[in-house]
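Shared between the two complexes below is subunit A, which pairs with subunit B and subunit C, respectively.
Then we have the complex of A and B:
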């Protein structure tokens, strides 16, 4: 099992904008480099990418959650 | 004779101790937001305390050295890694040509300061090497670093293995306690609103940056009724334009206090509740978004005593490093 950690502190978002579907749904497979969410900090948005491929992504952080650097965002099999 | 930027991090810029003397024409003092960490990083690598360093916000850069040097990382807990191997913070260590310096995830604080022996030798603009990003002035081409940048280094000779023990560094509290001197426009809010402002716990907003630290989560301020003076805007938080001191706490529309920091704008039309005292400005530099914080009212005598104590703490640290 692998964990995707937040590289930054800020606010976590699961989709590119409120009217868009989430980048990934729970249970999706993920390829290395896939965007799985956004972190908003200092008036800009930063993509969070999976560093390794995996299956069955399970999000730990919810949409709009405050998040600290190094905090787990999702688990991967 | 350089440091190459492989990846820049989130917002990494060249900073020194700033360029005082131009605020009256709108150019802020600037410089490292955590001045203690800026000075100590330099002293650890044998530099003058005002040499230029890199300030990395929330996330570290990846750098490659083209020459041997001594480096040190201070400020927030952003663990340095030399060729992938972790190195301590607040301690100088050697690098050689071809070495890569990267950073792990931020473990505490918000901003790390990387000093390199000899200092980052960008041109001096208006007496300082600091980057004023909003004004595209100073530093490396007036901006935050980008991949591919090469930063020249000055001549230096640092000693590896010099460190500042934890008891000589400033520890933050949680919630952060920011001492504040109530000021000129305090009379604009009701007594109940003033009491609540100090009683409530606020949280750092994700928008906080080098210009100002915004806080939210407290109750909006109630203003004392008045007829708007000539020249002031229509919002009850508006005033006839005034100078904004460094550290001043403005509350646009009475909702979210903003503490102006080192790249502050120099004036405008929002009333200020007071100023965060100079001794606590370094603490603000190390607050991550969503960190709880309280404003604590103090007197001018308290503020001056805190400044004296802060200078004594800096002198103790400098004394330790001078051996």
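Then we have the complex of A and C:
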């Protein structure tokens, strides 16, 4: 099992904009480099990418959650 | 006079408003999100109310929570500051509807100036020069062709409901125009729910010059102009008053036009009428009116000696304008720089964190508006403005020397800030000569990237 950690402090978003579907749904497989969410820091947006491939992603952070740098965003098998 | 004011904002502007209210003997209530419990505005206000979680949508943009806080604490008035709900007409209406005083103009005035087409029409009707273009909305491609005779190329196609640089297309030829117009229409409809478009000539090299006005609903005065030509991604970074580019004759003409507009729309409170100034043609054109106090208001306060926020509070409390136009005069030159929590060496990446060390500049002609204190944790959820350093001196040259002195005194440890940018700009010959326009800084940043990285 691996964890994806937040690289930055800010607000976490699961989709590119409110009217778009989430980048990944719970249970999806993930390839290294896939975008799994966005972190908004002081009004600028930064993509969060998976560093390693995995299956069955399970999000710990909810959409629009405040998040600290180093906090877990999701678990991967 | 107002008795108890709720400050519906955070950061340096909340601190600024609390100070003005306390100077007038008005009690203050701060509101804060869960991320701002330790912030300076909460410490300085007489009372403070938690209005929700960190996300602005759930706290500083939460109209219900703000109105409830005002009711629960017995406030008689609300100051919106800038950003957040400051130019939200529905918020102004809701505050008034709750039998509270909104420190700013009516919802109708905010709506009129917020719609770019109606603002442009109001300005033209008041005799204010507008950028050559359509009189109102352009109804279809055929009507667009007629407007082209006034604008020529390049021409801007803008969304009536747009703003902040969104919903703008530029066409350089008839072929491009015929392609871009329907696209802009569809885009505006999708983005703003309103496909209305208007057209304006593209003004090449221009300065951004804006006039501060104060009005009480019937009378209006101006407090001269500010120049804010130094912008990065349409955000101002360095502002001055007065503008060195204007002749005395044109300055009077410009400021009189802003007063005419404020009077024509029966404006109340503090407002800013923004213009583009074309050096070569020696002409100015109305762009928009901002119906709030602006970030850069202190440079006007420095050269005129007027406390703009205090005047806003007096007007909102029902007083008539106390200052006559003949009492307003310009003394010296002022410069403001915006110290943001951004790393200029890394393309201005945001840099939230803890203020490990703080040394605030002082001495003659120096003002530092900020919410910082040693140990303060800068939250990542809001904009990156940490402080405004304002210097005032007899001349522009002396103000730049004083700016360098004050920047060298300033130390904000533990964070990356835009201070190195301002030291580099203050040493630049074109900057020293004031030879700039609204797109100058972006070119300068590319040419000086190596120096900023070092």
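Convention: the second predicted complex is superposed on the first by the 77 of 77 C-alpha atoms of A that agree within 3 Å, B and C clash if a C-alpha of one lies under 4 Å from a C-alpha of the other, contacts with A are read in each partner's own complex, and residues count from 1 in each chain.
Note that a residue touches a chain if its C-beta (ideal position, glycine included) is under 8 Å from a C-beta of that chain, and two chains touch if they have at least 3 such contacts.
This is a predicted model, so every value here is computed, not measured.
By the touch criterion defined above, A:5 reaches subunit B but does not reach subunit C.
Judged by the touch definition given at the top, the superposed model places A:41 against both subunit B and subunit C. Of the two partners subunit B and subunit C, more subunit A residues are in touch with B.
In the overlay built on the shared chain, the residue A:72 is in contact with neither subunit B nor subunit C. Look at A:64: by the touch rule set out above, it reaches subunit C but stays clear of subunit B. Shared interface residues of subunit A, touching subunit B in one complex and subunit C in the other, are 8-11, 40-43, 66.
Of all residues in subunit A, only 5-11, 40-43, 46, 66, 68-70 touch subunit B in the complex they form. Chain contact summary for the complex, subunit A toward subunit C: residues 8-11, 40-44, 64, 66. Residues 10-11, 57-59, 105-107, 110, 206-209, 288-290 of subunit B touch subunit A in their complex. Against subunit A, the residues of subunit C that register as touching in their complex are 35, 53-55, 57, 341-342, 349-350, 352, 380-384.
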